[in-house]
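Next up is a structure, given as structure tokens.
Residue numbering begins at 1 within each chain, and the chains themselves are lettered A, B, C and D in the order written.
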Amino acid sequence: MSKYQDIQQACYKANMQLPELNLVLFTFGNVSVADRNLGVFAIKPSGVPYKDLVADEMVIVDFDGKIVSGNMRPSSDTKTHAVLYKEWDKIGAIVHTHSTYATAWAQAQRDIPIFGTTHADHNTVDIPCAPPMSDEMIKGNYEFETGYQIINCFNERKLSYEEVEMILVGNHAPFAWGKNGDKAVYNAAVLEEVARMAYLTEQINPKAPRLKDALIDKHWQRKHGKDAYYGQ
Amino acid sequence: MSKYQDIQQACYKANMQLPELNLVLFTFGNVSVADRNLGVFAIKPSGVPYKDLVADEMVIVDFDGKIVSGNMRPSSDTKTHAVLYKEWDKIGAIVHTHSTYATAWAQAQRDIPIFGTTHADHNTVDIPCAPPMSDEMIKGNYEFETGYQIINCFNERKLSYEEVEMILVGNHAPFAWGKNGDKAVYNAAVLEEVARMAYLTEQINPKAPRLKDALIDKHWQRKHGKDAYYGQ
Amino acid sequence: MSKYQDIQQACYKANMQLPELNLVLFTFGNVSVADRNLGVFAIKPSGVPYKDLVADEMVIVDFDGKIVSGNMRPSSDTKTHAVLYKEWDKIGAIVHTHSTYATAWAQAQRDIPIFGTTHADHNTVDIPCAPPMSDEMIKGNYEFETGYQIINCFNERKLSYEEVEMILVGNHAPFAWGKNGDKAVYNAAVLEEVARMAYLTEQINPKAPRLKDALIDKHWQRKHGKDAYYGQ
Amino acid sequence: MSKYQDIQQACYKANMQLPELNLVLFTFGNVSVADRNLGVFAIKPSGVPYKDLVADEMVIVDFDGKIVSGNMRPSSDTKTHAVLYKEWDKIGAIVHTHSTYATAWAQAQRDIPIFGTTHADHNTVDIPCAPPMSDEMIKGNYEFETGYQIINCFNERKLSYEEVEMILVGNHAPFAWGKNGDKAVYNAAVLEEVARMAYLTEQINPKAPRLKDALIDKHWQRKHGKDAYYGQ
């Protein structure tokens, strides 16, 4: 039995949640799940319809983006995943989708303002939209550079990837991550819903203010602080 | 057999309607059902996915917010429910969701204008949006104060909780209630649909007028007045 | 076997299409089907959830709105149906819903402009929005007067109910009709989709022009003219 | 066994994908699949509900629009399909729908701007909206002329039908095509999603810029260029 079976299975299950949560049309999305001990991650093969996915066809790739095991070509976004795993050593899974509302914000090249507690339950900041990449980065090692565009954005804004587990890449689409596949997919779905609510909020009130600091802090603390009292 | 079984079962069934009616993503909502004779209510355990809910795990809490029975931690919003039961003695169930359109109006910090008979069949007033809470209330006993923010809003506007069975808490999300679990969930779903229709109405005609008084009165009376002729 | 069985069955089946087509929330809609020879129509009982409907509980009412047979209270909108059957002698079924987009246009008090061939396949005019009723009509025999508000609107605009099989009642919601239950429900669903497309059209281009006359005529004729070539 | 059985079966399967992908209401759409060796195509019979479709009732038509085999009347749009097959000799299937967002852009008479990589994965240009047809074309051989309106638009803009596999016909609705039925339906669904995202993008940022050339080129090349690395 393969030593990669656990992450292949976790990766398969996480990928299959994307169509269930209406986060993908056709094959417009992918999830990877890492094994930090082995220094590799499992990722969806490129262009395979979800209904045809099989767990043991998840491709095994190392953190430099080199294929370690598998007969199929991995997701075309594999190098972006590799960079994020390499640079951010506490994430265990990554999700990329073209979910409708989050992608619309990315195309609009705007951060998603923090308008309410649904957002504050997950983040204390506007969800960042990294600017479109420079022509040099695009014409170079594109997917590799996409990873660094994400990391640079976090560094410039002094954000922690452990607190803010999602980003929009300008003109492109969202990425989300987490400690494991379930959490990363959860974050991708939360991002889509927060994006939809923020869009509607501005339509209903173009001058809607950002959430006040006391509420941002309260909702974050009750779910993630040292005295958190949400969940079991 | 537990004396709480009836409200646990009613609470379980009411909670399970939330995903069926598309009112919740993941665990972003909760329903409680009270037994006025016993002076307690049953409420969803915190953070448990709907598909994993079990009726006898509904937590039993008194109207001061103290756990009376149950091994799980109750919803993080439990104290808000407790305050409403304590202050408003004729409500039998409470629903809290982050349903998309109602939450967008809450984030926009606007009352939902009464634009048509769909609204007037259920309310005679704009659906109130309580202002965001003061920093003192937020930093104090937050969920407890959320209950009082709701009650204060009704008192200031001289609204009756028996007639208007729903509210938006500014920057947060909606609450609805009713004589029992089914009615409270019904009200939460009506609020979401009325919120959606009002949003679309303003998009189609930014100068759409409020419903005229004669229609407000007629639709309310035919469904709720002493000579009501709606239903069996 | 009851002589009303055929229309009760047809009425039951037509009503059951409303939730399938996402045209109703809870009980916010009703369908009636007439038997012109017997001078009566079958209509949904008031306030009964669709899942609990039974064909032989459809209430039989005459064209003056008097109950002829049945133990249940008919839809609160029954008199509106009666007036339309009495005044327009070629319609065989009527549908009333509060479908989301059509209701939003009714609340916005605007006709739905004819923007494309989807609309022209079914109508050659903007879909009329009758103005909100006068206070006298509302305070009088309300549902009866609603029927006359619809008929007056058609008369004033010189529209034919045989060509235009749908209307919005201002501040209220849509009505549609047709030769039988299936056609009336079809019209209600077409109205909802046309309402949605027209809303989006104006959002995408606030100056979108109405459809040109040649296209209006062509699409109408190819589906409904004497040399129609649509369908079998 | 009929020599048309293969395209009838492929045509049937492609048509049945339209309701699954939410691209049609009732019968508002049709797919055809061609056999280039036989010089014919199979197309949906006119006005038949999808649930009643049967593969061997797909009508066989030649590239001049003449019925070759079949007892039913073909889609009213058949001549438009015939013209496209005749003029563009490398397409194997055509889809016409009135899908909601694409139709709204057609009614708005606007090209869909290329705002992001979801679009660039499939096209390098704004999705063209052919202007509404002249009165002469409409009053003449309408469906035949609709085909030429599409071809004229591509010629005037110097677009290749092999690269851009979709178009909006102003005031009407979208057409898409591809090498086979699956690809043509895929293109129709991508068009609908791109139309929806572009609408939302402009709502979120009315000044959203078009995608930069480097990204347009990169995404097209990685999926369709000579060194493409998307898919298996």
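Basically, a contact is a pair of C-beta atoms (placed from the backbone, for glycine too) under 8 Å apart; a residue touches a chain by one contact, two chains touch by 3 or more.
All values derive from a computational prediction rather than experimental measurement.
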Legend entry - Residue-number overlap at the chain A/chain D interface, same or different (half cut): different
Legend entry - From chain D, the most remote chain by mean C-alpha position: B
Inset, instruction - On C-alpha atoms only, rotate chain C onto chain D and read off the angle in steps of 5 degrees. - result: 90
Inset, instruction - Please compute the C-alpha centroid of chain A, do the same for chain B, then give the distance between them in whole Å. - result: 33
Inset, instruction - State, to the nearest whole Å, the distance from the C-alpha centre of chain A to the C-alpha centre of chain C. - result: 46
Inset, instruction - Would you give the residues of chain D that are in contact with at least 2 other chains, written as numbers and ranges? - result: 203
Inset, instruction - Would you please name all pairs of chains that touch? - result: A-B, A-D, B-C, C-D
Legend entry - Touching residues (chain side chain D, partner chain A) in the complex: 115-118, 186, 189-190, 193, 196-198, 200-201, 203-205, 208-209, 211-212, 214-215, 218, 222-223, 229-232
Legend entry - chain A to chain D touching residues, read off their complex: 25-26, 28, 45-48, 72-73, 76, 98, 100-101, 103-110, 132-133, 135, 138-139, 142, 171-173, 199, 202-203
